[in-house]
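The two complexes that follow have chain A in common; it is paired with chain B in the first and with chain C in the second.
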Partner chain A sequence: MAGIEISALTKEFPGGVQALNGLDLSIADGEFFALLGPSGCGKTTLLRTIAGLETPTSGSVRIGDRDVTRLPPGARNVAMVFQDYALFPHMTIEDNIAYPLKIRRQARETRLKHAHDVGSQLGLDGLMRRRPAELSGGQQQRVALARAVACHPSAFLFDEPLSNLDARLRLEARTFLKRLQRQLGVTTVFVTHDQAEALALADRIAVMEAGRIRQIGTPREVFGRPANTFVAGFIGSTPMNLLPGVVRDGAVLVAAQQLSVLDVPDGEVVVGVRPEYVAVTENGPLAGAVATVENLGTSSLVTVDVDGLSIGAVVPEDREVEPGTRVALNPTRVLVYRDGELVS
Partner chain B sequence: MMLVVKRILTYVVMGVGTAFFALPVLWLLSAPLDDTPTYAVRPPRTFSLDNFASIMDNRYAVASLVNSTILSLGTMVLVVSAAALAAYALSRARVPGRDALIYLLLLLSSVVTGTAAMVPIFLLIFQLGLIDSHFGVILVLTGGLLPAAIFLLKDFIDTIPPSFEESARVFGASPLQILRQIVVPVARPGLATIAVWTVVQVWGSFLTPFILLRDPDKQPAAVLVRTFYTEGGSPNLGLIAAFSLLYSIPVVLMYLLAWSRYGFRFHGGIKT
Partner chain C sequence: MIGVFLVFPGLWTLYIGATNFRLTGVSAREPDFVGLDNFERALTDQTFYHSLWLTLIFVFGSAVVGQNGLGFTLAWALRDARKWIRRTLEALVLLAWILPSSVVAFLWIAMLDRDGGTINALLGTVPGIAWTVEYPLLSIIVFNIWRGTAFSMMLYSAALSSIPPSHLETARLAGSSGTQTLRDVVFPHIKRHALTNTLLITLWTFNDFTPFLITASDYDAEIIATFIYNKAIVGGEMGYSGAISLLVLLMNLLLALVYLRVARRRLA
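Right after this comes the complex of A and B.
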């Protein structure tokens, strides 16, 4: 078991595409760490560089107390689960799980016994003699996990481990994955483009954009206090309201109404408020007519037109409002961004 | 009404077509067993196995089948191993102008074994001192078949996800282990298809061995069958028919074997 240290990591692909740009990152031993970002942000390249499948242009990767930057993938003692699981179609499940041990020249009996132990730990009893094509997506995913577990690595690397499952199965697999990681206590880095998945699973999240890390923090920090407007817009199942505003004598104004008083210099700002933190009330600083109501199950997202601005607010299921009604909005936990960065 | 007429016409056309292709096959099945075969397709007048016996008497006939086997298997080994390596490299490496290269090779390959190149090929093989050697024929046939084999295999290997090999690499497998334990087994149906295809191509090839092998002891069946004449100078139909039947059996068997094991279906990785 080991932490992962990445310093000044840069990866430039032939043709000049800069996938990673001077990245620094420190992942603690036993941590469940998410790399989150839109497609093309470099998160998969970062994971593959940790695995050794890509060589960095410059910078270094350390796993535990070893510098592995120039080591081949097989010498890094990490296990990777691929998005398509990469189960070998010509081998049975037991042979698939035992494959890493075969590479380490363990006797067939030893490695099959070990494969069966790991398999039953992951609920694969009775499937061990089948071939990957005969298994469901969820089962295949567990086989891929079992194969990773079987080689006792110092770190797990998961590339979009849940994205090939359908929505319902994904939630089950998420819980399963988190429990497994807690049990094993192995440092785990996983890549996802799904912010909900990252928030639910990770101890800490790195939000990436265009080869850079825009914020590192716990799910609570990243959700509650996004460091910049990119993270603010990316995290959250309902998009954050990012409203043009001004600060005058410490008063934060949106649509000429005062939302709160903060200790920030005067000037133009962007005001961020999560819809979950906007209360629909009888009297609040912002007033307008309800434009649309979207049902989210236990709550509804209400979009209100305030002086030409569309502001979202989440209301509980028994407090719904009809489109067209005039309401007042009372935003709390107001964040202020200047030049895209959080100032308060 | 129109539909009925249309359907009748369809069946008539299909029937004529089937008969056209079935007649030679039927002749091939009946003539060898006939004492006095003619060009007509008919059940054997007097049933006999004499034609097969006379093949055994012909000192070149059995040897020619052995020669065909040597040429086929030799070419097959060369084509499959070289095409597998080339196709794998072309599938995985980013070579600029890769597709153009493959199409160019494919285009030129029909020239290599074609009639137009026979004189230069003869001279080339002559200068290499490989006239009248099986190895020379194998080399020329391999050269002619390789581009198409590479093209077919590359398409097949393209469907194998690179994550298979990457996964094995992360577990510490060496390139040779990856090739032996992952790539070859996954690509086996493709390799088998190419192997059968190569054998069939060589088994039936006439021009190249005809020109490069002067010694009748070394000629394959496809070349030898042309010498089966009676003393009177007319084709020895009994011998030709019986020999042709023997000659076609291995190919049919290979198709059946490949079909039953792989069904000629390519299977790659799982769908993503």
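Right after this comes the complex of A and C.
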């Protein structure tokens, strides 16, 4: 059990690619922490640096009360689950799970008994004598988890462990993973590019872009008050409306209509509103014609043309509108960004 | 094409193996059919067994152990090396493989020469050791390792790069040592490549004639290809050497079958 402290961590690859740029991060003991960002943002490099698979150019990594920056991966007592699960094809499931214990020179009987205990905890009874190729993707994923659990690490490091599963299975595995982490209470760092996964699983999320952390917060904070337009655009299954606007005497104006009054200095701004918080009504500050309607199941995403701006709004399933209809929009929970950063 | 270049020579060997065909004299003109006499003679010929034994040592030492071992070691050592180091070394090793046999043989004669040979000069032995005369079998084994390692190295490089990095990293995270990683992750992954490689280099080495260019007809290095050459061209006994060639062909076939059997059973 241990927290993870990262300070001033920089990683530059040969050829001058700056993967991590002076990162500071503190992950609490037992926390389920997600590293979220588009591909190439450095999240996997950060995870691999914590694991010791990459050596940082500068900065330090502490796990618990140990500085592990210069320790080899095997001495860090962390367990990693890879995207491809990395199960050894020539070993049975029980041998795969017991592999880290074999390296620690535990007797075959002891380690197999332990592997069976962990295996049955993860619902792998009856599969222990098989080989990885005979298992489904979901089962393989659980074997990889079991191998990580079996060696009692001080931290779990997950590198997109759900992305090789099909959509339905991924939801099941997500719930399973969250419950397992709660039971074990082991500090977990989880890399994903899927914002919904990060929101669903994590206690806290770090949103990364180009080797830097753009925001750290709980899922609620990151979703409700994105700190900048990058995070605003990245989080949320329907993209946030980011509209050009101006502030005049505290009044926030979009398409020359007043949306709200905020304590913000005058000037040009970007106004952010989630489609979920835009109501389609008969009376509202913004008016326009419905361009498209996309069905999202229990709701629909309606795109409305307002003076040349496309504004998305989510309406419940019984409130659908026909394309071409003129409607009014009433945005709430308006966020104001200046130079890309949240000001109110 | 296959008929002209493979089946016909095969059948022709079978035919002359069953005659007393010679390079010169009466039976060169009108060879007589002698049935299985040549085969009978071969199986009771001590020099044939002597040659076979030398061939076994030669193949085992230079190919199965030498080229395999050195090729794998080089591939494993170079996998994380800087690009230019790897490229340079690969180029040098490849050079040994692509140079014409006659050139290579000449180089080695110069290396192993008693007077003024490179190796004697390096060792500072005075008077020099006549390597090719005193240690003829060792000479051609070392020569053949040097010559053929490139192929094994390239094959193992390809095999090693097919191991998913995450498997090696899983081993590293578990804290496994170099030997443990080789045993648990690397060898199981490249087993099939290793078998194929061993089969190929065994067959090539078995039939290799280049050592003749270095040790000539030295009796202590008379491997089977040299033996056949000496019987056919030097001794003129085409019929007898044809019979031996056929026996060698059968041995090769048997070897290949054993390998394939093992490959199918162990790796299925």
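Here is the rule we use: the second predicted complex is superposed on the first by the 344 of 344 C-alpha atoms of A that agree within 3 Å, B and C clash if a C-alpha of one lies under 4 Å from a C-alpha of the other, contacts with A are read in each partner's own complex, and residues count from 1 in each chain.
In the analysis below, a contact is a pair of C-beta atoms (placed from the backbone, for glycine too) under 8 Å apart; a residue touches a chain by one contact, two chains touch by 3 or more.
As the structure is a prediction and not an experimental result, all values here were calculated from the model.
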item: Fit-or-clash call for chain B and chain C when the two complexes are aligned on chain A; value: clash
item: Chain B versus chain C as contact partner of A:A232, first or second or both or neither; value: neither
item: Contacts of A:F88 with chain B and chain C, given as first, second, both or neither; value: both
item: First, second, both or neither for A:N164, with chain B first and chain C second; value: first
item: Which superposed partner A:A51 touches (first chain B, second chain C, both, neither); value: both
item: Partner chain(s) touched by A:Q140 [first = chain B, second = chain C, both, neither]; value: first
item: Residues of chain A contacting chain B in one complex and chain C in the other; value: 51-53, 72-76, 78-80, 82-86, 88-90, 99-100, 102-104, 151
item: Complex contacts: residues of chain C adjacent to chain A; value: 164, 166-167, 169-176, 180, 184-185, 188-189
item: Contact set on chain A toward chain C in their complex; value: 51-53, 72-76, 78-80, 82-86, 88-90, 99-100, 102-104, 151
item: Residues on chain A engaged by chain B in the complex (per definition of touch); value: 14, 51-53, 72-76, 78-80, 82-90, 99-100, 102-104, 132-133, 140, 151, 157, 164
item: Chain B - residues contacting chain A, complex; value: 94, 161, 163-164, 166-174, 177, 181-182, 185-186, 188, 267, 269-270, 272
